[in-house]
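Listed after this line are the structures, all set down as structure tokens.
Two complexes, one shared chain (chain A), two partners (chain B, chain C).
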Partner chain A sequence: MEIDLTLDELDPAGAICEAHENVHRDSRATFLRKATVGGAALVGALSVVPAGGSQSANDVDILNYALTLEYLQASFYTEAKRVRALRGKAREAAEVVGAVERAHVQALRSALGSAAVARPTFNFAGVTKDQRQFLKTAVAFEDLAVGAYKAQAPRIRSKPILAVAVSIHSVEARHAAWMRRLFGIVPAASAFDDPVSKPEATRIVASTGFITSSGKTEREAEPRFTG
Partner chain B sequence: MTARPRRGSLIASVVVALLLIVSALLVVRLAGSSAVSASEPDVALPAPASPAFAIPDPQALGDPRHVARWSTVTRAVPVRDAPRADANPIAFLDTRTPERTANVVLVEDRAADRAGRLWILVRVPALPENLTGWVPRAALGASEFVRTRLVVDLKGLDATLRSDGRPVFRAEIGIGKPAWPTPTGEFYVRSRIRSLSSFYGPLAFGTSARSAVLTDWPDGGFVGIHGTNAPDLLPGRVSHGCIRMRNVDILRLGRLMPVGTPVTIR
Partner chain C sequence: MHHLSQDSRHSRSELLQRAVVAGGALTAGAVVVAGLPKLASSAPSPAQDVRVLNLALLLEYVEAAFYAEARAKGNLRGELRTFAEVVGGHEQQHLAFLKKTLGGKARAKPRMAFGKATTDPDAFVAAALALEDTGVAAYNGQATNLTAGALAAAARIVSVEARHAAWIRSIVGKSPAADATDSPMTAAQVLKAVRKTGFLRS
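What follows is the complex of A and B.
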């Protein structure tokens, strides 16, 4: 069985959760607004300046783009572990892969320093609470990461940064194979993988509604508590 | 008649032996030439590039016993006493707090109804104290996690913040006078207000706790954790139910305690 999985095919609504129904029922204007929020988080990664002299602006942009994708993955697996809805091999895989994705985040943030983009707010809308939906989403995320790294690698100017990117890329490919196996589809069905361009990755992630704007929980005011 | 086959066999044996010798010589020559090639520096492949930075070891999550989850309310919704749409409403959740920040709830549990829709058990910022109820997952936003917990000791007149179970902050406090007692139970921090009033000090945290006696207080009598312009009164039973700290303490707490932190008042 081979399924051409992309994130925009996900339908976490169904029997799982109403939240995604809302995403799919949104008016076009609302959808585009949400897509813009998600897209802005990714596009934001393209507007930073180099942190120091050792990294070119081009490579900083690519690292920030990678960081945003790693935020997405790390948050996904972290939530899956914390809501404790997975079982068996899926739970084990989520734990191992999540720990690795968090390491990727830590490494990229450290490398970028003050130039690192902030973590967006993610609303996985119940997908982490259902084993089947979790695995389907994990396959899509890992395939996306593999394709995105593949697309950016030839654009990286610094060989040492390319060395890091390639080392992450192969790990993401292992994750993709692992999740595909658990989901019940062929881990490596193609002789050659296609890269996923940044606009395409942005479109795919934005279409899920997983990247959301967070409501403000802080403001300046005269408090009116009981005192 | 018998001599011809013997001679033929002998010739064949000699030919086979010669072929084996030639083959062996060829193998030895080829092996020798490749060994020489591999050792020649001008045809060796370059060493791998050193990575620009190291990827650390996989990052395990902390002890889940110390993790609490909260979400913003993205859709005004009734809170029900069971995880189904026809259950009794027991409270109402708005998307905004009285302080006009995003309303948040502490997540306690989850369940699916018969249709498979996901429901979340949340701690409700309403009276009576310690009220919990069910809302559709669709009414909530992103899941956020904290690893902190504030414990307010009304007898000891102090507050302790724990992070991953370890105390990281402690301060003397002022609490409600006997006529306006500070409510006890399980609550959470739901807003952070940079105060414009010296009475509340420089910073105030809004909590889900409400005074059971000051219900006509502006905005409903929610209990805050804040600074003060009368530090000499601390520690003591001096407030209308709020938890007061010296300004230096509330500012320190402000660096350590995120919104969503569970608050135990006992």
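What follows is the complex of A and C.
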């Protein structure tokens, strides 16, 4: 393994390892803070991507598609938090995951600038009022997001956008596993996760009936993400 | 907005982590290209796919052998035992997939020794957590170095590693998803993290 010795010399002082280990001892407040501050960093990471028309039409379409899925998730968790029907670990997970999804929305909107699609209007038909219904829906959303990002990753042309997209993709998979465990099903159902094509994802989302309109005024009615 | 100074115990590592999130995703590819000409060239290519997938193969060798030994020793109970069985099965499939994909270009299986990590539940958890989080960061760090075909295949694996990481974290009461993005690691950082486990004997 002589190549490994060469690689080892280039490692920056083990800083990453230390950061990695320290993540393992966290309080809930710390999780939430990280989710929000991490979101700010994500906005920073995406902001060096030229916004508002400088990206290829291909990548703008993909980012807007991702944004739509993130709107769906963020609004769902935000409503669950407002409704206050969740208890215990489900409530904690909803808060943390919700903060992360809102951070994803903020980052994607920031990267897209004026090209960002508006937030649709949602009606979650009461699933946020019941813990089992909430968890079942959360599992479906998170598994869908994993498959959707996975299908788009090889289609992204910009390397910085791809780097951010894959780093969101694996977080969605963590969320999916977390929600699945809370729902009482195996967090990782198979050795390989399948991609979900855009037409298939669009069909699944449409079948829920949760998107009631693509109205452009809803965004003003929603609470702004304040970090 | 929360303030960074609220919890000084975490502040340094968090700053580091955020730096990784903010900068790492964008610079990881460039660092690999600039510093590791043997591992990565400037643009994705089939030859580079081989080098990247061999890095993944090293991790999968360690993971698969680790869980196989833990299952064979039979010391784990409850959900930890289920975790080792399910995840071990997945890692065996990842290993088989990568070996088949790489064919004659697959690196040799390293010699490994796991010590008490496959018998002591606390040591098992710590090792599983480190291996799974490293697996996620390793695949993420190489995404921009892969051809579209290899990326599509790697993407089917990395999210499963992320599920494993979240699962073991959840079992022991740690945040399954500690940030809005997963920090990538360069190849050098991955190798360092794997070596730090002490499991490699060759």
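The rule we apply is simple: the second predicted complex is superposed on the first by the 159 of 227 C-alpha atoms of A that agree within 3 Å, B and C clash if a C-alpha of one lies under 4 Å from a C-alpha of the other, contacts with A are read in each partner's own complex, and residues count from 1 in each chain.
Quick note on the criterion: a contact is a pair of C-beta atoms (placed from the backbone, for glycine too) under 8 Å apart; a residue touches a chain by one contact, two chains touch by 3 or more.
Just so you know, these numbers come straight off a predicted model, no measurement behind them.
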Using the superposition on chain A described above, determine whether A:Leu162 touches chain B (first), chain C (second), both, or neither. both
Touch test for A:Phe122: chain B only (first), chain C only (second), both, or neither? first
Now for A:His104: first (chain B), second (chain C), both, or neither, which partner does it touch? both
When the two structures are laid over each other on chain A, which of chain B and chain C touches more residues of chain A? C
Which of chain B and chain C A:Thr212 touches, first, second, both or neither: first
Partner chain(s) touched by A:Ser170 [first = chain B, second = chain C, both, neither]: second
Contacts for A:Glu79 in the overlay, against chain B (first) and chain C (second): which applies, first, second, both or neither? first
Which superposed partner A:Lys150 touches (first chain B, second chain C, both, neither): second
In the overlaid three-chain picture, which partner chain does A:Val96 touch, first (chain B) or second (chain C), both, or neither? both
Which chain A residues come up in both lists, the one for chain B and the one for chain C? 14-19, 21-22, 96, 99-100, 103-104, 107, 159-160, 162-164, 167-168, 226-227
Contact set on chain C toward chain A in their complex: 1-2, 4, 6-7, 10, 13-14, 16-18, 20-23, 25-26, 28-29, 35-36, 38-39, 86-87, 89-91, 93-94, 97, 110, 129-130, 133-134, 136-137, 139-140, 143-144, 148-149, 151-152, 155-167, 169-170, 174-189, 191-193, 195-196, 202
Which stretch or stretches of chain A touch chain B in the complex? 14-19, 21-22, 54-55, 78-79, 81-84, 96, 98-100, 102-104, 106-107, 110-111, 121-126, 129, 158-164, 167-168, 212, 214-227
Provide the residue numbers of chain A that touch chain C in the complex, in ascending order. 1, 3-4, 6-12, 14-27, 29-39, 41-42, 44-45, 48, 93, 96-97, 99-100, 103-104, 107, 146, 150, 153-155, 159-160, 162-164, 166-178, 181, 186-188, 190-195, 226-227
Contacts from chain B onto chain A in the complex sit at residues 48-61, 64, 67, 69, 72, 74, 95, 98-104, 110, 115-118, 136-138, 140-145, 176, 180, 190-197, 199-200, 204, 206, 211, 214, 217-219, 221-224, 226, 239-242, 259
